[in-house]
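After this come two complexes, each holding subunit A, first together with subunit B and then together with subunit C.
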Partner chain A sequence: MRGTLSDRTGAALLMAPLLLFLILAYAWPFLGVVKWSFTLPTPGLGQYHALLTDELVQSVFIRTLRIAAIVTVVSVTAAYAITVVWVRGSPVQRVLAEFCILVPFWISVLTRAFGWVALLSNRGLVNTWLQSIGFISEPLTLVRNEFGVIVGMSHFLIPFAVFPLASAMRSLDERVLLAARGLGSSRMRTFWTVFVPMTRSGIIGSALITFVFSLGFFVTPAILGGGRSVMIAELIYLRIFQSPDWGLGAAISVVLVVFVGALMALLFRYVKPKQLV
Partner chain B sequence: MQQPGRAAEIKANGIGKSFGSFRALDNLTLDIGRGEFLTLLGPSGSGKTTFLMILAGFVQPSEGRLFSDGVDITNRPAEQRAAGMVFQGYALFPHMSVEQNIAFPLKVRKKSAAEIKSRVGEMIERVGLKGHEKKLPAQLSGGQQQRVALARALVFEPGVLLLDEPFSALDKSLRGQMQAEMKRLHQETGTTFVFVTHDQSEALALSSRVAIFNHGKLLQVGKPDEVYDRPANRFVAEFLGEINMLPVKGVRPADNGATGLCEDRAVNMRCKAEAIKGDAILAIRPEDMSIAPEASANQNGIAATAVASTYLGAATKLDLTTRQGARVTVSVPNEVAAAALSKGNSVWLTWPAEKGFLLPDGGQ
Partner chain C sequence: MPTYRPGPVSLILAVLVALFLLMPLLAVIPVSLTPSRMLTMPTGELSLRHYRSLIEDPRWLDSILLSLRIGIVSSILSTALALTFSLGVWMFQPRFAAALIGFVLLPMVVPPVVSAVTLYFLLTSVSGLTSSFGYDTWLGVAMAHSVMTVPFATVLILVSLSQLDRRIDLAARGLGATVWERATRVIMPNIKFGIVTAALLSFVLSWEEIGVTLFITSVNAITLPRLMWMGLRDNIDPAIAALSVILIIITVLVLVVRSVVTRQRAAR
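After this line comes the complex of A and B, so read on.
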C-alpha cells in the first residue's frame, strides 16, 4: 500500500510541470475567451442569445454535427475492417495493416489535404481515370464540397479509430469464438453475433474519439471544403480574425468546449484511458 | 430428451499432431463407444486438450483419420460436427443472458421460437438455474457458469459432449457436487461423454473407461478398476495413485502365476510371467499391504522398519524401509500403526499374492 502511495506521489510530481504548462497554455487563455463571450461588445448574455437565433451559426453547427457523424461512421467502419486484419490476420496481413495504420502519422495534415485535392479535383487522378475508361463524360465534383471534406477527415481519423478497437479485439477470449463455431455457428454468424458485440466497448470508444476530433477540424475542411462547407472551427476563426465579432466567436468556442467536455466525460465512462493507445 | 441410439460412436485411427518439430500427439488409435463416459487422463502437456480439439474439429490432425458412426469426419469443419463442447473457463458469451447463451445453438439451427423456448426452459430446469434466466455470465458464481456451459452444450442434443477440465476452477465441495450432476446428466441424456482431467480420483470415480496419456502417447485404455489394478506400465501405475515398487529377481512362471525372489525371500504373484522374465518390479498399492506379527512361510512378506507415521483420521499412513533399502508406504488401521511403532519399529509386511503385479524393470 505504502509503495503505491509513494508511486502515486512520484507520478504526480513528474506530471506537475505538464499540468502547469497545460494550465498556462490552454486553461488560462480559455478563461479569457469565456470572459469575452460575456462582455463583448456589451456585458450580458447577448452573444448566447444571438447564437440561438443566428441562422448562419446554426447552419454551421448542424453541418458540423452532420459531417462529424458521417465521418465517424465511415472511419469506425473502415478502422474496424483494418483492425480485424491487423489483430487476427496472417503475419503478412498484419505487417501490411500496421503499415497502413502508421504511414499517415508520418505525413502532415496539410500535405494530406493537398494530396486529396490533387486526387479528387476536376482534373485530378480519379476524374481523368474515370473519363479515360469512359465511365463518365463530365468530371464529378469530388472536392470543394462536403464529400471532399468527409474523405479527407476520415482519412486522417481512421488510424485514431483503430487503437480502441485493437485493444478490445486483443482482450477478447479466443475460446468464446471457438465455442460459437463448435455450437454450429458459421464464421459469418459468429462474427456478427459474437465478435462484434464483444468488441462493443471498443466501438463506442472509437466512435467517441472520432466524433470529438471531427468537431474541431480546421485545416482539412478549409482546404477540401473550399469555403463552401464551413465547419465550426473555421467559423470561430472567421469571427475572431476576419470580423470584429469577437464576442460571438468566443461564445461559439465556449459552447463547443462544453459540448466536447461532456462527450469526453461519456467517453471515459465507457473506456479506460489505457485502451485508447 | 435424448434416445441413447443418437449418441455417437467415434473411432480415432492413427491420429498424430505436430506443431513444427514438436510431437503433441503420436499415432493415437482409440475407439469411443456409443454412450460411454471416457476420461482422458494425463499430466500437463500430455496432449489431452489437443486430442479434444481434434475431436471437436478446431485442430486439424497431421496424420490419421477420424470416424463418427463409421463416417470419415477428418476434414469436416467444427460447425458441422455438432459436438457439444465445454471449455476450460467455460467460454460463455459475455454479452448474452443465461437464456440467450443456452438458446444460441438452437437459434443457429433455426428452430422455431416455441421450440427454443420450451427446450431452453427444460434445460434451465434440468441444470438447476431457474430464477437466473436473465442474468449475464458475469453475474453468476463459478458453479452456475459451469451449469450454463453444460446446458448450452447439451441443449441441441449432440452425439458427443467434449469437456475440457470443466471443474478445475471450482472448490472441492462444489467439484464433488458437479461431478455427481454430470454423472446424472450422462445417464439421462445417454450421450457419449469425453472428459479431460488431470485429477486421477475424478477420472476413476466418473468414467466407464479411462485413457491415460503421457508425452502425446496413449499408454493404456480400460475400465477404472482395470487400469488401477493392472496398469500396463510403471507410469500408469504411479500416475493413478500411490504405489510401492519392490525389485524382484529371477521371475519365472509357476503354478497359478509367477514366482521370484524379493529381498531374498520367495514371493508369489498371480499375474502371468510370459512377458516379464528375470528381473522385474513388483508393484503393490499401499492399501493392499498389511502388517503381520511374524513371518509366515506360505504368505508373501518381507521385513521392514517403520520410520514415520502420518495420522489420516480413519487410518494411519506408515512409511517403512526394507532391509535392502526400498521405501514402502502402507495404509493401516490406527492401532496397528501404534503397535508397529512401539515394537522397536521392526515389523513384517505382507500382501496377498493377487494384489501384487509385475512391471518390466527400468521404468516405462
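After this line comes the complex of A and C, so read on.
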C-alpha cells in the first residue's frame, strides 16, 4: 500500500539532511584530498611514484603489514579463548566474560594505552616487580618499541575480534558437538575437528576486521611505539604536520583507502554483514 | 540453553585472556595514588594530590567543559540527522536503500586516519570563509565529531526500527495521519530506547575521540583527550592516571546500569 504523492515526497525529504551533510562534510573534502595527492607540490603522479621508490615509506608499509599480521593472529586467538566461555560457559562464567570484554571495549583508547605505559615502562609495574624479586637487574625495554605496540593494539582489538566469533559460535548446532562426544571423541579432538571448523566464517570475519583496523591505527602505535616504530597512520600525521608534505600524506591516505576497500570487498565475499555483529 | 560447556583447558585460557584485558585498567589505580610528581608506583604512603589537581588545575577543568560542550552539540546533531534519515528510509523504503545506508556508514569503515585527513581538509578550507567554524574551533570539532558518530547513531536507530511492527504505521496512515504525525506520534515513541542509546553512544564517541581531533585542533580547542594526549607524549603526568581511574569507574557504572535496564526490559 502506497500513500499519496506528498506523503512519499515527505518521507523521501527526511533522508535529505544527512545525505547532504555527508556529501558536503565528507565526500566533497575526500575528493579534495584525492586532488591534493595529484597536485601537491606539483601536478602529476609524482607522489605515487615517490610511494613506490621512497625507502622510508616502504619500510613503514612493510612494518605496518607485519605488525597488523601479528596483532591479528594474537587478537583472534585470544578472542577465541574468551568467546568460547562467553558463549558456551555457565551463566556466571558468561556474565564474568562479558564484563571482561565490554569494560575494555568502552574505555577510551588513550586510557588503555596509558594503562600499558603504567605497566610496561622502565619504572612501571612489571619492571618494578621483576626487579624486586631479583629476576632482572636492569629494567626490560617493553614500551617504545614494536613489542609495546603489538601488546597495546592486541589489547584494543580483542573485543572487536570477539563479536564475529561469538555470532558464529552462537549459531552452530550444538547437537553435532554432543554427537561427536557421544561417539567417543575426546574433548580436544571434538574442539579441533568439529568446533573450530564449524566457526570458520567467524574466524575469517574476525581476522579481517582486526587486520583492517590495525592498518589504520594511530593512537596506540604513536604512544606505545614512542616514535620508534612508526605505522602508516602516524606517517600520514607526520607528513601533514611535521614535514609539511601534504601531497605525500594525501597519496598515502588514498592508497590506504583503496587497500582497505579491496579487503572489505574480500570480507563480504566470504561473510555476510549480519555475521559480523 | 547450551549444554556443551567449555572444558578446563578452555577456562584456563579464557582466564588468562581476561587478566590480560583487565590488567592495564587495574594498573592505573596504584599509579594514580602516588605522592610523586612522576609516573611511579607509590612506595608506602598514598596521596590524592593528582585527583585534586584535576579540579584545581584550570587546564583540566577547561578541557573537561569543552569536551562536554562538543559532546552534547555533536550528539544532538548526529542523533537528529540519523533519526530523520532512518525515518525516511523506513517510511519511504527506497529501492536503493542499501546503497544510501552504505554511503552513510562510510565514516565508520574508512580508516579513521583517512577521515581525519579529510576533515582536516574540510576545516582548513572553511577557515578561509569564517573564523568561528573552521580549523581549531569548537564548532568545527563538534561538526567533525558528528561526521564520525553519525554512522553509529544511524545503525542503532535502524536496528530499533527494524524491530518495529509496520502495521501500526499502516494503521496510522489509513486513519489519515500525515508524515509528521506518523513520525512523531507513532514511530518515535516506539523507538525511544534506540534514540536515547544513539544519543548516548554519539556523546561517548565524541567525548573520547582523539584520532580526528588531533588533526583538526592545535592550541584553542583542547578537548580532554587532546590534553591527555599532550600529557602522554611529553612528561607523563600522573594526573592522567587519576583521570583514567575516574573514567574507568564511570564506564563500569554505566555498563552495570545498562545491563540492569536491559534485563528489566527483557523481563517485561
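Side notes on the structure shown:
By our rule, the second predicted complex is superposed on the first by the 252 of 277 C-alpha atoms of A that agree within 3 Å, B and C clash if a C-alpha of one lies under 4 Å from a C-alpha of the other, contacts with A are read in each partner's own complex, and residues count from 1 in each chain.
In the analysis below, a contact is a pair of C-beta atoms (placed from the backbone, for glycine too) under 8 Å apart; a residue touches a chain by one contact, two chains touch by 3 or more.
Just so it is clear, the model here is predicted, and its values are computed rather than measured.
With both complexes placed on chain A, subunit A has more residues touched by C than by the other of subunit B and subunit C. In the superposed pair of complexes, A:Pro43 makes contact with neither subunit B nor subunit C.
In the superposed model, A:Ala11 makes contact with subunit C only, not with subunit B. By the document's definition of touching, both partners, subunit B and subunit C, reach A:Leu178.
In the superposition on chain A, A:Ala250 makes contact with subunit C only, while subunit B stays out of contact range.
Touch criterion met: A:Ala97 reaches subunit C, while subunit B stays clear of it. Judged by the touch definition given at the top, the superposed model places A:Gly134 against neither subunit B nor subunit C. Touch criterion met: A:Met198 reaches subunit B, while subunit C stays clear of it. Common to the subunit B and subunit C interfaces on subunit A are residues 178, 181, 187. Those residues of subunit C whose C-beta lies close enough to touch subunit A in the complex are 2-7, 9-11, 13-14, 16-18, 20-25, 27-28, 30-31, 38-41, 80-82, 84-85, 87-89, 91-92, 94, 100, 103-104, 106-107, 109-122, 125, 143-144, 146-147, 150, 154, 170, 173, 178-180, 183, 204, 208, 210-211, 214-215, 225, 228-229, 232-233, 236, 240-241, 244, 247-248, 251-252, 254-255. Subunit A makes touch with subunit B in their complex at residues 173, 175-176, 178-187, 189, 193-194, 197-198, 200. Subunit B contributes residues 56-58, 77-85, 87-89, 91-95, 104-105, 108-109, 152-153, 156 to its touches with subunit A in the complex. Chain contact summary for the complex, subunit A toward subunit C: residues 1, 3, 7-8, 10-19, 21-22, 25-30, 32-33, 36, 78-79, 81-82, 84-85, 87-90, 93, 96-97, 99-104, 106-119, 121, 123-125, 128, 155, 158-159, 174, 177-178, 181, 187-188, 191, 212, 215-216, 218-219, 222-223, 232-233, 236-237, 240-241, 249-250, 253, 256-257, 260, 264.
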